[in-house]
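Taking it in order: structure first as structure tokens, then the write-up.
Labels for the chains are A, B, C and D, by order of writing; each one numbers its residues from 1.
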Amino acid sequence: MIAADFNYEAPATLDEAIALLQKYGDEAKILSGGHSLIPMMKLRFASPEHIIDINNIPGLSDIGIDGQTLKIGALTREADLEHSAVLKEHFAIFGDVTKLIADPQVRNMGTIGGNLAHGDAANDHPAVMIALNATVVATGPDGARSIPIDEFFLGFYMTALQPDEILTEIQIPMPAAGTGSAYHKLERKVGDYATAGAAVQLTLDGNGVCTYAGIGLTNVNPLPLRAERSEAALLGKTLTDEVIAEAAQYASEDCSPSADLRGDEEYKRAMVAVLVKRMIHKAAGRAVA
Amino acid sequence: MTTNLTKTFEVEQPIDLVWATLTDPTKIVDCVPGASLTEQVDADNYKGYVGLKFGPVKAGYDGLVTFVQRDAENKKMTLKGLGLDSKGKGSAEMLMNATLTEVDGKTNVVATMDITITGMLAQFGARLINDVSNQVFNQFVSNFKEKLAKTTDGTAAETTAEGETEESNSGIGGFLKKLF
Amino acid sequence: MKQITVTVNGQAHSAEVEPRLLLVHLIRENLNMTGTHIGCDTSSCGACTILLNGKSVKSCTILAVQANGKSISTVEGMCAPGAPLNNLQEGFKENHGLHCGFCTPGMMMRATELLEMNPDPTEDEIRWGISGNLCRCTGYNNIVKAIQYASAKNRGVEPASTEPQFV
Amino acid sequence: MGHSMKRKEDARFLQGKGNYVDDVKLDGMLYMDIVRSPYAYAKILKIDSEAALKVPGVLAVITGRDLETYGLHWMPTLMSDTQMVLPTDTVMYQAQEVAAVIATSRYAARDGREAVRIDYEPMKPVIDPFKALLPDAPVLRTDKPGKTDNHIWHWEVGDKAKTDDVFSTAEVVVKEQMHIPRIHVASIETCGCVADYSKVNNHLTMYMTTQAPHAIRTVIALVAGHVGLTEEKVRVIAPDIGGGFGGKVPVYPGYVIAIAASFLIGKPVKWIEDRSENLQADSFARDYHITAEMAGTKEGKILATRFKVLADHGYTDASANPSKYPTGMFSIATGSYDYGTTFMEADAIYTNKPPGGVAYRCSFRVTEAVHAIERMTDRFAFEIGKDPAQLRFENFIKKEDFPWHSPTGWIYDSGDYEAGLRKAMDAIDYDGLRKEQVEKRAKGELMGIGISTFTEVVGAGPSKDFDILGIKMFDSAEIRVHPTGKAIARFGTKSQGQGHETTYAQIIAEELGIPAENIQIEEGDTDTAPYGLGTYASRSTPTAGAAAAVAARKLRDKARKIAAYLLEVSEDDLEWEPGKFFVKGAPEKSKTIQELVFAAYTNHPQGMEAGFEATHYYDPPNLTFPSGAYICVVDIDKETGEIKVRRFVAIDDCGNIINPMIVQGQVHGGLTQGIAPAMYEALVYDEDGNILNGTLMDYLVPTAVESPNWETGHTITPSPHHPIGAKGVGESPTVGAPPAIANAIVDALSPYGITHLDIPITPFKVWKALKEKGVV
């Protein structure tokens, strides 16, 4: 399998990269980890005329806390998320999700920015970002702008990024005390796209009352889905089995999965309920731990 | 592989206008993302092209659209579209049935579509067909409503198939749209 | 065409390549090192695994131009010709961790990084650690043993018996 | 024997010095890529090569019409059906080869492939084999004069009248409809070749991924002899092979096209499939729809079995079976049991799917048979409320009943099924597990225990019954011992990872006393190796291994004569111990094998032929019948349907063991290829003939995470007729594991009245079954 020919550029700075995007417009594609794009090119589903390799641009792969915000550079590899001490301390969910993304070699290449910018509801980070209420930073000719995660995904392989913009950073609010997060997906085998996946972040106050709930779903909807009714069902409540069951039920009703070899719609809806329930329990467990 | 979609939507305009627009290929074509008409074969058959782009993926289809049924009295239509991938990698077929009913001066549209994809996209893109079809259909509905709104506003631009762009940035999935 | 320079197993190579040339083809066809294999098109099988700046990656899904200026390790660099096998190679031989040998170079390159990151992995960590490498012959039991053997030897510990264990 | 010698072949593989077909690089070599059909069934209206020929580096585009000029557009299959090399009019399955592009580089060939424009007129394909038999189904093989339907052949065996009679009066009858789905071997190395035709010498050297190089040479001569490639002009070289499992037995169109291209252009042509081509177009395995029935008493005595098979062969019968056995060894389906009478029948059907019917690490259709009988045994036990282990003990063929004549005509050579099952039950603590299961069930938890006590039939085979394209299924060994006492031995088989370079050396070492380290083993070059039918169906040790032992014994006989001459005693006065002959009663008077070999070149008796070489073509007197007792324990997540294989114990009996390490390795690998079809793999087509999982992203080959830690052991019941008492083992676990797993899963679900699930049993399937029963 061999891609069609293309022009390759490897700019050393963000400005250069943006200038190239302006120059080539819609015929250019950004290469970060490349593990979605290159297989598509090899299968000749995609034949972009220009590849802008942003891997040589420095400063896009840091993980750090800035005040009340966690900042993750868009070029941060999945493997670096997996092993980051900062994330282990504050966001257990990254340990959950990275282990389930593809495989170790792919995680050495794949980037969090690429995972989001691909605009595929089957990817795992979109749901996690929804749960964590992240903001995506896009940098273009006019500088950087912030895009709330709920406004980022527009359609299949479609995001709010303009053709001359590059996703440069992900910003996540630092969790309040009493916060826990968890992610799991059902997969047919290691590295598969999710049959269904659920990401949950919860904050519980001293009385066990839920003061924040973020719930995102993977691969059960045309777009990455925020389970809004589920979140609302938890807020202000102590998380009894009944409350959790209600939240799980809403998620299974509100998603819109497609049948495929992984299962039919009924199964996927049921799995959404199971996963949301389990991840609420797991996140709540971590919140009080 | 075949995907079946059923959509019901309401249009603010009177049924006769909706019917006239929906059954006129030259009017409807620019509601279909990325579509253009290239030739009218006869009263019921039209040739066209649909160019689609979603993310890094581009596809082009040369298609033939046939009005199998245009029952003005009962406001029922059946449309068949057959598209061939312009690179020879497969084909797409769609059969659409639409029924219009009048509700308080507005028009209710019930449409069912059977979309059948053959070839490379069915092999590798099965995961997307349903989502993409839905997305494209929703886009069509929104374009259609917008067009009708403009028509009644009197602000509608005269549209001709020839003037339309061959590709759309917004549409995806493809093949199905050629049928309009 | 793009001019690139890569260091493979310590030796620098320059080449003029099409941007679309896959790294695995650079290694196999241009540099004639055929120990790195191709088993799929979708980065699913891991037969093409090499180390790029010390990180295990799938060279069928990386462009040769992306490796410009970087260092690459392949199976050919695991031990010098005629020199004793390194601990991993020895582990695979002693524990019958290979049958047809096709997945073996990629498997060993992956295991190299795995042991670097985690010198004393559990069985479960090994299994997840090689989950990007398919083997159709061995059933993985002995690959796990081979990696455990290398882990022990790397740490100066006596490896478990390499005799087959039967119930 | 019985020594876990480390493998001789490993050194090169561990240092990246294996030599696989894609590593072959010849001067002036061209590359071929193949344009494939997007449709399952379509007329070809036009092939336009113009744009492709303009792609820089593209030299030629070859179509069916081009091959037709040379009479090379059709070829015979191994089952004497016919298969297109390239179509002239009609494509019959998705991904079928339609045209080939020859170019100066791999990349140019691929660009050329993209640029070939083909106009098709798609037709409605026939995908479902049951629908293929309906009166209104289109007749697919219109190339066959007079063909009026899609039926290929009917086969039956057993006693229909008696069987029907038992069924009509039996106390208990159970019946299940099961599908053993289409799967693919997916060896990690795909198929490929380098065809190197020299116009000067009128000679073809064919480097290719083949498990049967000699048979392939003959097939090439049959296909292309009329253009001058007669058999003496053809040399087939199988280099190192990256896994075979049956998928590298057939002749694929790509090989023939590459030969034709090299023949026409006069340069070497390389063709290497990519993975999706491999999965989508190469031979499949299985695809049997089986109606299985069992009749017996309420107490658990089985009296009769009945099987009806619908075999979906795709568009041509390209199975790899012995000629007289269209269903392979399916008639082993009465299993390890004395189950009374039986009747089996099968019908093969054409559909618009790729051809095939090869093994998937199994002896000719044994897996289908074993799945049916082992599933039905559990099914019957469930019906009468008896423990499935107990039912097996009560119905096993007894150790003392061997050789045992099965109702379908097999003569089982030896076995001790009870011992195997006892050992497996002890190893896994069967009684303890059943107790645990009772407790778990009381809590509503799903835990299952599954047994499979199978009999394999391998080592095809005796020449009176077994041939492929008329060539008898012997195999061969040639041993040459050099004057210094070191040897080279060559075989008609071809290892794909089974470790022949080690085990054959061990056999010869055992028989001749020359250290295995000093014995070089070679296979795969038809110019140097003796003719043989190749490696598949676990036949190498039963046939070529036996040939090695017999050839070595011929040499030992010669050594005895030389020893008698040198020691000046009668041959009868000599005694052999590995490595030397000595005089009875005077062990100090001896000659080592090395001394005797040296003498064969330097000081041999007058009248004796010089040299120390022997060849043997071994024609086995019977097949060998390895067996196994497997027990699997699963835990199922009721909410999600996810299945966890908690433990799996496999006790194999493959007779005498040459190298326990290699045998165990084969069992491990076979077990993973057993869990694969049981829980993960199946090639899925939609009703239009689109393959829905034609890449390794969706065709789910298990990783080290899915594959559990296998626990293995053995019992040893030597084959009475094999020279060293060995039986063959490489495929037993792939045959035996799927029903053990399926039985365990169904056992877990049985409290809810679930009696059968088709493999692969996925979480979705489990959940759906529970849903239908109102459990979730």
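Note that contacts are C-beta pairs under 8 Å (C-beta built on N, C-alpha and C of every residue); 3 or more make two chains touch, one makes a residue touch a chain.
Values in this document were obtained by computation on a predicted structure and should not be read as measured data.
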Longest centre-to-centre distance from chain C, chain (CA-based): B
C-D against A-C, pair bridged by the larger set of C-beta contacts: C-D
Inter-chain centre distance, chain A versus chain C - centres from mean C-alpha coordinates, in Å: 30
Whole-Å gap between the CA centroids of chain B and chain D: 50
Residue numbers of chain C (touch at least two other chains): 18, 20, 41-42, 44, 128, 130-133
Shared interface positions of chain A, touching two or more other chains: 1-2, 4-5, 41, 43, 103, 190-191, 261
In chain B, residues with contacts to at least two other chains: 120, 124, 126
Listing of all chain pairs that touch each other, if any do: A-B, A-C, A-D, B-D, C-D
Contacting residues of chain B [partner chain D, same complex]: 1-2, 85, 87-91, 116-120, 122-124, 126
Interfacial residue positions of chain D with respect to chain A in the complex: 106-107, 110-111, 114, 274-276, 639-640, 642, 680, 684, 692-693, 697-698, 700, 702-703, 705-706, 762-764, 767-768, 771, 776
Parts of chain A lying in touch with chain D, wherever the complex brings them together: 1-2, 4-5, 43-44, 103, 186, 188-192, 195, 261-264, 266-267, 270-271, 274
Residue ranges of chain C touching chain D (in the complex, touch as defined): 18, 20-21, 25, 28-29, 32-42, 44-45, 47, 74-76, 78-79, 81, 85, 89, 92-94, 96, 98-105, 108, 123, 126-128, 130-144, 163-164, 166-167
Chain B residues touching chain A - in the complex, by the definition given at the top: 53-58, 120, 124-128, 130-132, 134-135, 169-170, 172-173
